[in-house]
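Okay, got some structures for you below.
The same subunit A turns up in both complexes below, where it pairs with subunit B and then with subunit C.
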Partner chain A sequence: MRTIQPHLQAIAYASIAALALLALLSSHWWAGELAGQMQFDARLLPPSTAHWLGTDALGRELWARTLAGLGLSFWVGCLAALLGTAIALSLAILAMLSPRLDALVQLLIDTLLSVPHLILLLLIAFALGGGLHAVIIAVATTHWPSLARVLRAELLQLRQAPYIGISRALGKSQGFIVLHHFLPHALPHCLVGALLLFPHAILHEAALTFLGVGLSPSQPAIGILLADAMRYLSGGYWWLGVFPGLGLLLMVLSIERTATLLRRALSP
Partner chain B sequence: MRKSTYSAILLGALLSSLMMSTASAKEQLVLAIGGEPEQGFDPLLGWGQYGNPLFQSTLLTRGTNLSLQPELATAWSLSADRLTWTITLRDDARFSDGSALTAEDVAFTFNKAAQSGGRADLSALKTAAAIDDHTVTLTLHKPRITFIDQLLTLGIVPHAERENGYTDNYGRHPVGSGPYQLVEWQEGEQLIVERNPYFYGQAPAFAQLVFLFTSEDTTLSAAHAGGVDIAALPPALAANLPSHMQPVVMQSVDNRGIMFPMQPANGDRAPSGALIGNNVTADLAIRQAVNLALDRQTLVDVALHGYGRPAFGPADGLPWSHTDEHIDAPDLDQAADILEAAGWQRRDDGLRYKDDQPARFHLTYPSSDSTRQLLAEVSTEMVRPLGIQMQPTGRSWDEIQRQALHQDAVVMGFGSQSPQEVYYLYHSQHAGNGFYNSGYYANATVDNHLEAAQTAASAEQANHHWQAAQWDGETGYGFRGDVSWAWMVNLSHVYAADKCLDVGELGVAPHGHGWPVTANLLDWRWTCD
Partner chain C sequence: MLEACQIDFAFTAQPPLLKSVSMGVNAGEWVGLSGDSGAGKSTLGQLLAGYYLPHSGRVVVDGEKLPSRGIKPVQWLPQSPELAVNPRWRVSRVLNEAWMPPDALCRAFGIKPDWLNRLPGSLSGGELQRICVLRALAPGVRYLIADEISTMLDPITQVELWQALKAEAQTRRLGVLVISHDTALIKRLCSRHYHLKRGQLEDC
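Coming up: the complex of A and B.
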């Protein structure tokens, strides 16, 4: 019973997250145009039946912009998480190939973990000149070490397993062992790792964009919406910040919760 | 009993301290108008070019109608060959250390400023020389009518070879003959100044001024708490003022417009390495169409929340600008006809093309400037129905200079009380000179008009030439001619001022929200008891 409950919870959370994601992914088609549509006679209106979440300074519907922003954040999060996971997996496998490479990978991991990642994140995004690619690269290159450390430990254990020894004794190549033994064993960990990295990536994208080294102010990213809201907050236009902030919080929480439950469910 | 006595004494002390602070508040004015100068308060490096140098005096000042008024100079004249200015100084001017201000100091200031390469443009100055204690001559390399601007904006500093004289650190410890002297400057936080006891003019109404350098939000919070007497405000927040404050609106020639790259892209690069040219904006028809499509009043209403007026040129309403340079209303039909005639045909994707070149270009703006972002986004919407796609792109100033300045249309802002700016913006000699003429505009006829203006015998004569540069009946930089810009709006500068503060009659502000409002600081009064 105790083992089934987390599975059910995970399925429930995953279903909610999947539904939300489906809505976000399709938002480009049903809210994308509206997110950019200006109504100059309906600027800075509070939430009402006509404007569900209110309008911004250019009379654009905030619900459409929030959805478009979350959709954009989702893609950024996806790409950054995938890239980060790929880096972690590649380095973990590389560490298995020779003790020297292992020492090098460990050194890299320790070095990166010793630097506050937010500072590094800002520096990389700034050096790359901002924009979508800069955010994705900055998040990915600063968030792989923890996952790489876990994967390396898993693969080290695996390397001692009898069937790997048998495989070697049978004359199988390194490539064969990596492809047929290491990768299948590491992939479930990668899936959970990527899912846990995902909300981080989204939050960092929003933070970098808010600080002005992320996406262009003309894109309806959540960080941009929040930065815009800051300018008008003193004027009492609370809805500009509350709804994008809530949307971001809900998305990140649901994904993080799903990932945590999935990790528990996959753990023996 | 004893407890109540103590309470009464405590309350009395508190009330008296409050009363004292209220009384001293009349003597002290707190301003949160921004504009902290990075280089300090050194006129030779640009301090005072916009607004009031506060610590220093200038030779002349402008009246509210831009007329010339005496300040340190009691008389001034230009020689017949227009090469020598002779200035007679007042004899009662003293620096804040009590020493007399003489012609030597004026000559030193001009000569040193010419070498310093600051914001003050003294390239025309050959030499400045003191004839006697109260007479100075300024000799020019060649006639330049706009040289008089330096008499209006350059604050006089003490000669380097005197006690408390000018040093490299002058910007941090300014000594001048202006109405106030510096007490303390905590960079990034506040500046405290007090009356200069040796000021030759009428003593300012406020003994002490405190300038706060705070963010917009902090400023507004401080204003609500009653901690600020006058604060610069973004127009969006002008509707939510605390009850003890009222909006003060200062008209300006602080403009915003779209600067078009005028040359086709052929791989040329500026000395900075940035690419020059844009094949779409180099086409006259595109520039004309954008100008005709812009609904400037809507831009004012949306991007400036009504605090501004439509702009049609770099110096609307000033004597050196044509009075009939305006568009009554946006005309999309005429714009479409112009595009058709020039060969820009609409295709299925809604865009116009000419020889497979889509009518698409970046409209770059500094991402830190929300007003320019709004202007870029709204103008993009206005132009879209024509089949022209402007792509609003926010970049840092550094990126703009490295990449966009000469190949993208850029939302820029200028605005000066001097026609010199027109010369910089449109003379081919200034192509690629920083932000001036960054679109590499070049028209030999316009250059000739601008040169003629500079060598004119009087400001009135010069104005005819400045206007001819805008449109002489055949060509010009304005929208009847080469349309090198699409000017959009002139901003009004909005301040929240305590209802007890009378700021008098404000003039017309140049580019820059903040210091220009202090130009008539000596007229400010506190009207409550």
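Coming up: the complex of A and C.
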């Protein structure tokens, strides 16, 4: 039982993540139009066979809006995680080049880690005027320090490896060593780091949108759906908040678990 | 001639490891270096190959400083070949990082063609050490620091490795510094022998 359980877990999480990915990637074509379609004779209806997850205050289908919202969150998460990982990797490599640059990178990491990042996120998103690009930039520029710290430690350890010294003694340039020795070593860590960054990025996108400095209200983002649901919660319209919230939770959990399992697989 | 002139060296926050060390290896000469564990033999070898900079004194190779760019004329061969190669690279790539050795030389070192397509992890320590030695024999190399390179090998592999290296060193007039605890091995291979004790060299 002990040996089967982790495999079942891995299959279950990877299946949920793959299904969610497939649904989200195609949601733009088959749920995008429906997510914005208003039916004023079907406002605030509870879940039923006609309206699977119910409707919102403007009569829009909640399942279509949830799916479209998760799809949007997925892309925001993807871009923010990729950008954050690129920043972390670049700074970790920069730290290898000289002790002064290393001290500067360390100072930058410590400074950013010492500031509560929700505050920083809000400030950056606000300064950039909100919207999709502001959310992506804000999430990416506040989420790289932890990954950069891990990558820096990994590369510092690698720099001491005899084969790096031998490569230098054989006349290889710093650029060659970075490209052929450091990068291939760092990439598996980057992959796991990006996957672990991804759920954070999605949650913070939803948080920023919920707080009003994220995506525009016209976009069916999860944060907007949850902010709307807050206004109707006291009226007993539970489905407005429960289904988008559950969708977000499932997506974040499945990606986070998949990343954790992948990290274990890559570091035996 | 590979020369160490009045070298002082210490690791950060450690007492001095090498005190005013001077030694030399002529082209084509085999010189031994022995000493207790922690005496600083490997550190001295790495100083001679330019891996560390001495606190004072200098390393001179054929009358010049070690070049900061390009292939170094002094190559250091570490004890553990597993740590001396990128574990993600195939053996052919490991070799080609330095040069493309001719087939005859590969055969002389007992390197089989099928090893070239394998990852270092699938080769034994002896097989990998032959690869590392051959890699260090790239054109432009004039001196080798063989730092306990046969300690982990079985006696037959040791003999084969030293014989191949001896033949190639003779052909190319390579100077070799053999670092080892095994004074019998040093006596068999080398014409001269230094002993490192309390940070200073003694002629044997």
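By our rule, the second predicted complex is superposed on the first by the 255 of 268 C-alpha atoms of A that agree within 3 Å, B and C clash if a C-alpha of one lies under 4 Å from a C-alpha of the other, contacts with A are read in each partner's own complex, and residues count from 1 in each chain.
FYI, a contact is a pair of C-beta atoms (placed from the backbone, for glycine too) under 8 Å apart; a residue touches a chain by one contact, two chains touch by 3 or more.
Everything quoted here is computed from the prediction, not taken from an experiment.
Judged by the touch definition given at the top, the superposed model places A:43 against subunit B, while subunit C stays out of reach. When both complexes are overlaid on chain A, the residue A:29 reaches neither subunit B nor subunit C. The partner of subunit A that touches more of its residues, comparing subunit B with subunit C, is B.
Looking at the shared chain after the overlay, A:233 reaches subunit B, while subunit C stays out of its contact range. By the touch criterion defined above, A:184 lies against subunit C but remains apart from subunit B after alignment on the C-alpha atoms of chain A.
Shared-chain residue A:171: touches subunit C; no touch with subunit B. Of the two partner chains placed by the overlay, only subunit C lies in contact with A:161; subunit B stays clear of it. Comparing the two interfaces of subunit A, the one with subunit B and the one with subunit C have no residue in common. Note for the complex: subunit A touches subunit C at residues 161-163, 165-167, 169-172, 180-181, 184-185. Those residues of subunit A that touch subunit B in the shared complex are 38, 40, 43, 57-58, 129-130, 212, 216-218, 228, 230-236.
Put simply, subunit B touches subunit A in their complex at residues 216-217, 220-221, 234, 236-237, 239-240, 298, 301-302, 367-368, 370, 373-374, 376-378, 381, 392-396, 399.
Residues 49-51, 69-72, 75-76, 78, 80, 83-86, 88, 97-98, 135, 138 of subunit C are the ones that touch subunit A when the two sit in their complex.
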